[in-house]
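Letters A, B, C and D mark the chains in the order given here, with residues in each chain numbered from 1 onward.
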């Protein structure tokens, strides 16, 4: 496969398309023209890009849940409940894990078993199996913009189906839906498949239909340092833009330290826009802030604390939307009531904070500068490795461990960096692996961790990272040693 | 009555004491010496002043619920539940409203009715009726410091009983437990009665027993501008210090705008300490932040949002403790489970934020300066009216409307000022009544409200205050007009 | 735009919650009622005396603090004794201690002789509509 | 401080949750086990092959993403067929979709032939204690 960061030609795209549509029977007879017609009739209030624009221009943070179950009727009920009772601003359809692995046969089993058991046996909505017909039913049953949220390395057929069904946004990206979600999908393969998904959106854009694309910011959701996730977000944004994506939402998963989280969002926007300008892409950029993506506390009241603090941070950061967790997070897929509860706590917090932003301070400024400087080290090297080609550079960067996602399952990920929190709870680099930071940056990260080590009376070590992984679930941000509790 | 801000003499105190102890049979035979002995044996972990010191020195914010029921056994169960399941750091005993009005006969009825009904018919724990014996039982049954929380204009007997029972803190003050809680208790009478309560604490201090005192910061809990509540807090702090109180917690009720709330706490500490220095009082000062004290949303998930945002603000402000609301707030006295849920959401938030503070910014600085300047205008006038005597000045200031608490029931309160939120949700003065602000301050308040008026397309008016009263209950901070929702 | 009707309002018992009371006064006045507000911390007698003195058409009792059940007992009977037979009695607020089933709570207060009882957080405009209906002015 | 026992660990089915898996490896090693980690996204066959190849004493199956019920069916039978009769099988994680009564869920997995099943968020050190007991090394 010859990978390049270059807009797919029509020839390339349509040839590939034939193959894609044959992957499962519901792909047959999908027509771009028919889809375009359908999409043109999507009313304004069900249009993802439009609602995001409105929010950005009015300084509002929108709330979006995750939600998906195996059976069509149940799925529709769930979404309507989250819309009407939960007061969601945007709706998802979270796709089940078999679909994510393109195992549509197993989805059939899951659907059948769910019917028998009278409860969902799948962890999401198997959109490909339901096809255009089912997905349009979902779209027509709700009154809010609809997005596919998944974790699918090869989402080409899924993307074809959901966009043709009026779903005006698609989450994912060639890195972010591979490295955290797969074990043995080659980096180039997945980037190439997501070029297809992005090009599909570009096609629609050229037909006058704006669709939103959202790379998955939080990656493994587990102590990912902001500069690493921002680097990946910017890469995926640029790759998408090259394929013609114009309405883009870049994401970030809460780490927990307010200044760092706000700085991360601010740095992301500023730096992404610099790159878009530099490469001449015309992109309407919005942001998504994910409430804490790591292990949650089991106690539901405590979960509400985590959810609300995430909402408050999203508002203070001025994110365009926030992805909502639920009081059931630590245990299992939430009931519709628990899901709605998460949204309501979120909305209450967002509304109390509407218009409030974290005020400028030297700490905030310094953190923004640090994140940008770290991100730039990484991105410079990626471009260098690719000889200017971002797609090639990305593949090589993963090989070299220049891009390296902590705790990721992919065998194409070096897994050499280790993150840990500093004494204020900000996530720093404990082991740098092959990340090409300047000595200054490395020393600064180290110094911050040494401060924590001193405070805790133990050496800087992997045990800190382990303790930090469990910390939020146990009710604190920083994983202190036993004797300090 | 001749009121003066002067330490009561032993003669005055003990003469009055005889009368106080005769107010209800449980007052008989209370002995200061016996009490002192008992208090000296209070272990460190059940000592309010000690735990507050620890928290202040370690930058921790402690969580304290409100809780009280009619029957002794039930009350003990409740407190133990909040301690063990709720993970409270400090315990209260909230006193019922008949006791607050010294209607001990009605308490008896309430206790009897509660036994019959099998549920608490009183909104708190009738400590005076249970007397030393009952109150010591409560103290001995728990493992955390214990405080009386009430709203009693004449709390002299109550204070005698609770301190003698090992309760190492007492909430209240001559203004804050009168103007928001009573209709026709004269200002001088209540200040005088609280001088007694403070002197009692001073007596214990002189016997080497440190007790904590906490004026009630939030007053009516309803859009009280920070400078007004800070002025009252500082006055009550000074009055208490004169009587020999040494461990003092000054309070503030959340308004909802982060910068204003943090500024209020910071201004309170800085300014109170200036005054203590000026008058030569040696006071160990801590702070208490009250989660939103106005009308709550009925939906429990939304209530969690309000609770958590209050906790986050308390942490970011660096308050020594936070008073916790519950998901049942809008409806009724919480069950023990709902109460524990509120504490757990609070603690999770506090722990995530441990050590994090709102960073310095020009907005924060400006807000601190504004609150201090407003507070100083008020306090200068109070001292002037009293010819240098703070107690006399306070009485005259209420007569003159120089001290004026919004929405207070007391007929001794002028009720001329009207507060409303500005466009960022900070509480400002809409009508100044007789508050002696400089023209500059008045103009600035007005300008901020005009900005909101312009944004909302309606004139600055009382209707804004009315809308703001309902806003948080309806899920937002600022009460916008119907057509903007 | 006076509607000619007089209403006594107040907060019963040892209850100091003043905010709702001020809002109710404001709303009733806006609706053309003559309002006699006896304020917070008011015993039953004060409501009754005010109603007699002003020849009131209705009494709206607020209780927020939880002792409503004790404080309101015998109110209807006292009204009857005082010659206020048939006067319209409403009660509202947070009437009982704790989060209880509203249907049961409502029944308790209707059994006490109140014409209507309202759950926590009732929009006062809804009650004003009921009041106008009950007074036959709308 | 090797204890001489070999354990195969992995995450079954289409499940990508890697963090707990890495933690379990870390904890087992600290406790002296020889750990064979087949990682995430592992079919039943991979567990069984690894166990045969390494002559393992136990298999610890993780399932976090909710499809555990489907993915684990017939695991015991496949072990038996492959000649791993009596091998110790544990399963843990977020085994089923949603917040379900644990006693019922546990029963389902014990009925499937697992020796022990653990609810969401189990402290791995507790399971390691059980494992040592079951292996007779403590």
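In the analysis below, a residue touches a chain if its C-beta (ideal position, glycine included) is under 8 Å from a C-beta of that chain, and two chains touch if they have at least 3 such contacts.
Please read these numbers as outputs of a predicted model, since none were measured by experiment.
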item: Third chains touching both chain D and chain C; value: none
item: Steps in the shortest chain-to-chain touch route ending at chain C and beginning at chain A; value: 2
item: Identity of the chain that, by mean CA position, is farthest from chain B; value: D
item: Approximate Å spacing (C-alpha centroids) for the pair chain B, chain C; value: 30
item: Centroid spacing, where centroids are CA-atom means, of chain A and chain B in whole angstrom; value: 44
item: Interchain centroid distance [CA atoms averaged], chain B/chain D, Å; value: 54
item: Chain A: positions in contact with at least two other chains; value: none
item: Numbers and ranges of chain C residues touching at least 2 other chains; value: none
item: Arrangement of touching chains [line / ring / star / complete / other]; value: line
item: Chain-to-chain touches, reported pairwise for every pair that qualifies; value: A-B, A-D, B-C
item: Touching residues on chain A, where the partner in the complex is chain D; value: 97-98, 100-101, 103, 106, 109-110, 113, 119-123, 151, 180-184, 220, 222, 294-295, 298, 328, 330-335, 338, 407-409, 466, 469, 473
item: Interfacial residue positions of chain A with respect to chain B in the complex; value: 256-259, 297, 299-309, 311-312, 316, 340-349, 351-356, 358-364, 423-425, 472, 475-478
item: In the complex, chain D residues that touch chain A; value: 13-16, 18-19, 21-23, 26, 39-41, 65-67, 69-70, 94, 96-100, 120-121
